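Each structure below appears as structure tokens.
Below are two complexes that have chain A in common, paired first with chain B and then with chain C.
This part shows the complex of A and B:
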């Protein structure tokens, strides 16, 4: 068993100037190469959890943190965010806010320059990173001339240039159209599968997470209330409904067929294909 | 000025051969579009970014004037009116509330619109109180709109338009960045607007939201309207969905691969699909519902 890449040990965090902690006694671990979805209502502590991993909490934002966050073997509280960015890249829902340069190449170069990477190495890393996010040849393009999906992939390239082992995406596609959404999630899945990158996604769209995530963590009011495989978590339809969270329609359908019609036994499917297969078997068996 | 502008004229939205070409160059943002929307209709507009959705809706509130063709909203030709003059007739909720909000407090933000269109003071207070209650903004009224979280700010943006009670409201992506809880509030709002007879235009990529609230879907691609039908008809048209890179809600996709080939419904809800499956699977269970119907 490899050493967990992220360890939250009884973490409680309170933002400066507030009374109520944003996170209450949070403990969990993430293995290298896992794809983890964090779900919860707005204000549940999802973004704060992400900011603890890249060290913005507490190093930049202040406030009071008890317990310990260990990332890649480092106690996050002891390292500046600049150091942590070599280990953890984080992107947000509005890529245009993260764009500041005249060209895609400069956008990717920014973090490298700040980290003092030599020029020759930068010239090697930039095209490599753009290719990684499917933007090969876009070096000279203005970030403002890119589509939403391309902008978000460029924002991701800018953090990947630092060669982090962990990518955190906070509602990465909430401002994108369906094509842009697909581009971003396909790219993250590829980084996860082919490069073993640890991926954490904060997301409301459960159907998407059911397809990609290895594990789902559910937060409510700063506490972890569920932590398990998508199969386990999304099968708990009633509990999630009580938390005002959705489950994939496939799981909800199996639940209704089971509890109201006695037509479903066993675990609920969480994606389209297994649901279609099981329902067609059910219909076929009864037709014959 | 009238207390509340009523829906007037034959149609809520009457667009004929409207084209829009950006003044700066030759970029056609909207081809020759025809669209007729009755008062009280709830319609959705879908399509990829750049398909012309936003340009079309900006013609509705007079923010853009058609390069050629005509746009008649609530009986009024937008070509002869300013955005300000159109405001009592058509409200526009921006995707990004930051493009819309400017007052010092949430309360003042909500008061601004009604006051600006000449609603009497006593009615302003009543409308604002009602909006605060409906959107659950009680604890935020004294806050600066930029100090509340983005999802709350988005609700403030919606509430500030709803408080004006225009007969036509346009929503640009009302559910982005919202959790299931706030999506519930938005769905409830749509139902209430329907009861009040408000005409609603909802531009959105959120297919489950549209499946839940709209009766009619306009599909746009490459600056033109390429389909205009019920959500069921649109979602069932696999070629159309593929051509526009859109994806039906998961429950509808499951229905299309299971009960639809057997003559079942293009289901929009899990309850509807479960009832149809149960009726076909001949559930002998006591829990079987007698209301299971085939549509």
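This part shows the complex of A and C:
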């Protein structure tokens, strides 16, 4: 059993100037190479949880943190964010606000420059990373002249170039069309599978999370209310509905078929394919 | 929407000889131009400098944008000349060369007006050519080589970046206010949109600082640079020639007490009158056009 790469030990955090804690005694662990989805309504503490991992909370934003966040064996509160950046890459929801350079290539180069990566290596990494996010050939374009989806992918590239062990994406697809969303999640899944990168995604897209995530953590008002595999979590349709969270359509359909028509037995499917298969069988049985 | 177009003066991409000169060599020339322009009152030198700058424009392929950028000189230059002719900024006694109704036109003012104009024209033209032929990132990389602190350099670069962003933001907010029935143009419409723009700016900067810090900004280790700016021998030659020429001409000018040719060059009353009328009417036209334009909106 490998050592967990992220450990939240009874973490309570209050933003400066507020009374109510944003996180209430949160404890969980993430193993290296896990793909974790964090779900919750706005204000549930998802972003704050992400910011704890790379140390923006509490070193940059201040506020009061009790408990301990350990990432890669380091107590996050003891290291400046720029040190944590070698370990943790974080992409935020508004890509345009993360752009600071005159060209896409320079945007990707920024983190490498700060890390002191030699020029020759940079010349190799930058095209490689832009290729990875599907922005090859955009090197000299101004980041501000890119579309929302392209900016989002550029923001991801800027972080990926630094080769972090942990990638946190905070609503990375809020500006993307369905195809763009798919691309981002496919890319994250690929990095997760092929490079063993630990991925944490903060998202509303339950369908996609059901497909990719190894684990789902559900937050409500700063507390962890569920923590388990997508199969376990998304099967609890009523509980999620009570939390005003969406569930994958397949799970909801199975739920309705089961409770109202008595047509569904066993665990609810959470992705489309098994649901289609099961319904087909159901129809076949009824026809015959 | 092209972001580049939002800035009136921006780099015109190209690969001319001028584009390829090291940014620092170009900067030496721009600073040299300013130094020389303000240490001499010799209009021959001043207008030769302006002519030289103009000669560079077609080589760099920036003639049209340069002339467009230089349009700003019309109100500045015309008001300057007109005012100097009726109220010279030189020591009395002034010599009256002509009388236009209640206005006395002074000969001393014509020369000094042309000196002031020449200084502005020469410095501005060369500075514009430099801006139009230098990639900002290359300039900032060069600054970094001169040991300009990284943070300061970054601030300068960031400011350039944010100007078009805020221009666009003002546009969006003004449209939003217009759609809610507020006045959509003119100064009174710009003012109320400042608050949302600034609040937005603060939020943007906060998010940006988190993002930058997350990418190792401010780390203490050695920094490398993606942009490689070469300093070839030719760049050194250009820079050194610039320094030498400027040093030589400004030293002579200062030794001769600004090297003014005001006594050598005299202007006929007719020339003074025509210059004044042209400058004054040009300026009046500009003012009138500005007033009409703002009312029409």
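Keep in mind that, in the parts below, the second predicted complex is superposed on the first by the 286 of 288 C-alpha atoms of A that agree within 3 Å, B and C clash if a C-alpha of one lies under 4 Å from a C-alpha of the other, contacts with A are read in each partner's own complex, and residues count from 1 in each chain.
Operating definition for what follows: contacts are C-beta pairs under 8 Å (C-beta built on N, C-alpha and C of every residue); 3 or more make two chains touch, one makes a residue touch a chain.
All values reported here derive from a predicted model rather than from experimental measurement.
Once the two complexes are overlaid on the shared chain, A:261 sits against chain B while remaining clear of chain C. By the touch criterion defined above, A:188 reaches neither chain B nor chain C. Looking at the shared chain after the overlay, A:135 reaches neither chain B nor chain C. Touch criterion met: A:245 reaches chain B, while chain C stays clear of it.
When the two structures are aligned on the shared chain, A:219 is found in touch with neither chain B nor chain C. Chain A uses no single residue to touch chain B in one structure and chain C in the other. Of all residues in chain C, only 2-4, 135-137, 154, 157-158, 161, 164-165, 203-204, 207-219, 221-228 touch chain A in the complex they form.
Interface of chain A with chain C (complex): residues 51, 54, 56, 60, 80-83, 85-86, 88-90, 92, 94, 97-103, 105-106, 109-119, 122, 126, 142, 144-145, 155, 158-159, 162. If you check the complex, the residues on chain A that touch chain B are 40-43, 93, 147-148, 171, 174-182, 204, 207, 244-246, 248-250, 252-253, 256-257, 259-263, 272, 275-276, 279-280, 282-283, 285-287. Across the complex, chain A is touched by residues 48-50, 95, 149, 151, 176-182, 184, 205, 208, 245-247, 249-251, 253-254, 257-259, 262, 270-271, 273-274, 277-278, 280-283, 285-289 of chain B.
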